[in-house]
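Structure first, then comments.
Chain naming follows the written order as A, B and C, and within any one chain the residues start at number 1.
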Amino acid sequence: MEQATLSFKARAERALADPTLKIAIDRTTGTAERKRALAMSQFPQFEAARDRARRIKDHVIANLEHYLLEFERNAIASGAKVYWAATAEEASQIVVRLCKEAGAKRVTRVKSMLGEEIGLPHALDEAGIDRVETDLAEHIVQLGGDRPSHIVWPSMHRTREQVSEMFKRRHRAPHQEETIEAMVDSARRELRDKFLSADVAISGANFLIADSGATCTVTNEGNAELTTTPPRVHIVTAGIEKLVPSMGHAIAMLRVLVRSATGADVTQYTTFHCGPKQAGDRDGPEEFHIVLVDNGRTRMLREGMREMLRCIRCGACMNHCVVFRQLGGHVYGGTYPGPMGAVLTPVFDGLEKSRDLPHACTMNGKCQEVCPVAIPLPTLLRGWRDRSWREGLEPGVVRFGLGVHTFFALRPRLYRLATAMAIRVMRLFSRGGVVRGMPGLGAWTAHREFPAPARRSFMEMYKDQEGGR
Amino acid sequence: MSNDRSVSSPPSSPRVALFVTCLVDAMRPSVGFAALKLLRAAGCRVEVPDAQTCCGQPAFNSGDTADAARLARHFIETFEGYDYVVAPSGSCVGMTRAHYPEALADDPAWAERARRLGERTYELTSFLVDVMRFAPADVKLDGSFTYHDSCSGLRELGVHDQPRALLGKVSGLTLKPLEGNDVCCGFGGTFCVKYPAISNAVVGEKAEAIERSGAQLLLGGDLGCLMNMAGKLKRKGSAVRAYHAAEVLAGMADGPAIGEEG
Amino acid sequence: MSARDSILDAVRTGLGHVRTDPAAARREAAALLQDLDAIRPALLAEDLVEAFVARLVTPKVAATAERIADAAGLPAAVARYLEARGLPAVVALQPAAVLQALDWSGFERHDRVAPDETIAVGAARWGIAETGSLVFHSDAETPILANFLPLHHLVMVRADAILAYLDDYAAATAGQRPPRNVNIITGASGTTDIEGSLVLGAHGPRYLHVVIVGRHPGEAA
């Protein structure tokens, strides 16, 4: 938590100095990358499927009001209650209020990034409600008292050794054997009675199905169904961009979502939840509440970030990001890390607080290449840079340096002179083919050699050569 | 990319403007001369417009769109009059092709000029292969090389097969594949000086992969990335030597490698 | 203004006040589901049952499967499964008529699944060849928890209820009132939350065994 008070660069340096973190990141993202690559090799239809997925999301966003109203109508008809929240605070207040109205002492939660985004874990804790995270990774995060570091593998920053130690300390009947299997078993034993004794279940939604009013969750562990079936009340929180026209569209999205996230063809458990328990049902909640959350999404529509609303939270962009793979997720300081987080966090926290995120990117484009809905993440990041520049948030030295560069670059004759001089200065500091100890080059030369320039510029030599012909 | 011209024959002695790029101009002129030699060998009438400076990438990527637009206009005015524009860099060509229209979006007439020029602007190896159907003859270099695909060339321009096809014609030279050949080297233009610690961690992993390849030479098509990787390799005390692919293809890899005493 | 009105208003503003024509939206949405073969994988075999089984036993799904000619043979199949694993013949039987009607003599059975149930036997409404999935609807015969509490989940599905693609399931049920829950289950419960390595039996079943009953109408006799 003290992380939050450090600057981005300080957080980054601390992460870079942590060898255990790097091992943990490599193990999870490396596996994810390999599995995705294998899944792609078995799915030659991916490019077409991805294009379709992109168009489905674009269609929904272009007709968002229509689909929101259709969803609301159908959800109410199914017996659900629908709430709207413009901000994160409103959303978590609605959920806490519903929990209190239900007299909830214990709530079970299914991992939902939106829940994190609206600060729900914190709000529930503040309200004195016993919050049980049921996703294994979120359980590990809860035991560790920290925050998710990845949107698909929230506890990716923990090595097996660290998890083992935590489980031994906190579980009632911890594992004896040092295997991941035994640890998973320990969590299974620990959480089983909690599932069954909760008063309220809270989940997110991967999709909202407009033509039925159903919400869809996908998990591999089966914790969503174990969470949402026994309690008397089930509350869903979902961003307004989660809509799809029908189940068929959700299926088309699922095919690219799951392959991009874990490399599987489909999640082990894909469940559509439609309203509360029906007459004759053997189990299920009596009350079903859906909270539709804006929290910056309509602002993204207005401010040229419509394409980001396609995001289906698969995590592929971060698994393939060279920066994320060095830093892990906590350094990003927001709910969402990696490339998509660098686009989203300034929306939630303001650009001034998070201007480093869009800048700490090499613009290599890999994230866009793997994104299952083809979001132009580098372009969106550059959009933030553009705004940061216009709003005067960029440091003076950078503005000055670029200003000087542009001044010369627009004046070829002066530019030639400046280049010739720069070369000569650099050569003054050159030894053995590299530049050493030259003021202004420290950021580069602290870590690697700076190859020395040749004696004269291309243009100088070219003129001589051609002139002499 | 490489297939769309498979039916048409190469243009005969087109008038080609060589954009050497600001980095090659200042740091490694031999890459520019290599490009010149290759283009001439491919039958082009090559000119090096005197007014050329920088494509504006640093400004654009720093968010300074207004200055980037100014430099874009300067570039367009300088190069518009030629049949083709060629540069020994994927990222500079990516800038002109993919990003000039963005930088000039507020000015439709200029954006249109940018688009039209972009269509005729090529990265060197893709121009040689895709447009000129050129293959180097009688180039010999004994040794093994590994190839890093710089990100802009790869993802914005589809440059991947072309340099390999050309290098495959150099007798005595064998390719040793690079694990993660399409993974960014951590250069990122201004990124590497704005976030040096992160950049270092990324290029550190890249240097390890290069060494694992077992190749004697590291080749690539973008000088910025090459300076970053060569600088890291050198700091590590590695024996791998780095050249721009054009230098090898032009038979000019007998001089000092990047970061070697010249 | 209520939150609802202000959000809808912001949506309208964000989209530049272009109104949706519902009929056009429907047409466009339908067009997005045309030519499905271009955006979904080929089946692993031409025959649906074969494709379904092949998918079920891939390492990714990691289920086991067998075929029997007739539902009457299910208790014997279950008995074989239990015997092979040295498990007691104590099963939670889903309260579905098709299962309850069978002869379970020799088994100790109950219909409520216990929190630490070892073995449950259920019946799925559909199988999906594309993914090796089983589809359940919550209803009077189908408690949802029965699919998630046991360690071993043995599921019967009729061969003639095997559909080619997930889309075929969506089409088969379009326009009907949805049940509270549609569970599409693909393999046993798994987690990759610790260092990305796959472990089965996270919260739900560790073992999934599928028994396919009868023949698909398209199958050669």
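Going forward, a residue touches a chain if its C-beta (ideal position, glycine included) is under 8 Å from a C-beta of that chain, and two chains touch if they have at least 3 such contacts.
Because the structure is predicted, anything quoted here is derived from the model rather than measured.
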Interface with the most contact pairs, given as the two chains involved: A-C
Chain closest to the assembly centre - both centres taken as Cα means: A
Chain located farthest away, centre of chain B as origin (C-alpha): C
Distance from chain C to chain A - Cα centre to Cα centre, in angstrom: 29
Distance from the mean Cα position of chain B to that of chain A, given in whole angstrom: 32
Gap in Å, rounded to a whole number, between the CA centres of chain C and chain B: 52
In the complex with chain C, residue positions of chain A that touch it: 24, 27-32, 42-43, 45, 48-49, 52, 55-56, 59, 62-69, 78, 83-86, 90, 134-137, 140, 153-156, 158-160, 163, 180-181, 183-185, 187-188, 191-193, 195-196, 212, 214, 220-223, 225-226, 229-230, 240, 245-249, 251-252, 254-255, 262, 264-278, 280-284, 292, 294, 298-302, 306
Partner chain A, residues of chain B touching it in the complex: 20, 22, 24-30, 32-33, 36, 48, 50-54, 56, 58-65, 67, 70-71, 74, 102, 151-152, 155-156, 182-184, 186-204, 227-228, 230-232, 234-235, 256, 258-262
Complex interface listing, chain A residues touching chain B: 9, 12-13, 16, 322-323, 326-327, 359-366, 368-369, 379, 382, 384-390, 394, 398-399, 402-403, 405-406, 408-410, 412, 415, 419, 422-423, 432-434, 443-444, 446-459, 461-462, 466
Of all residues in chain C, those that touch chain A in their complex: 2-4, 6-8, 10-15, 18, 20, 22, 25, 28-29, 32-33, 36, 38-41, 55, 60, 95, 115-116, 130-131, 133, 138-145, 147-149, 166-167, 170-171, 173-174, 178-197, 199, 201-205
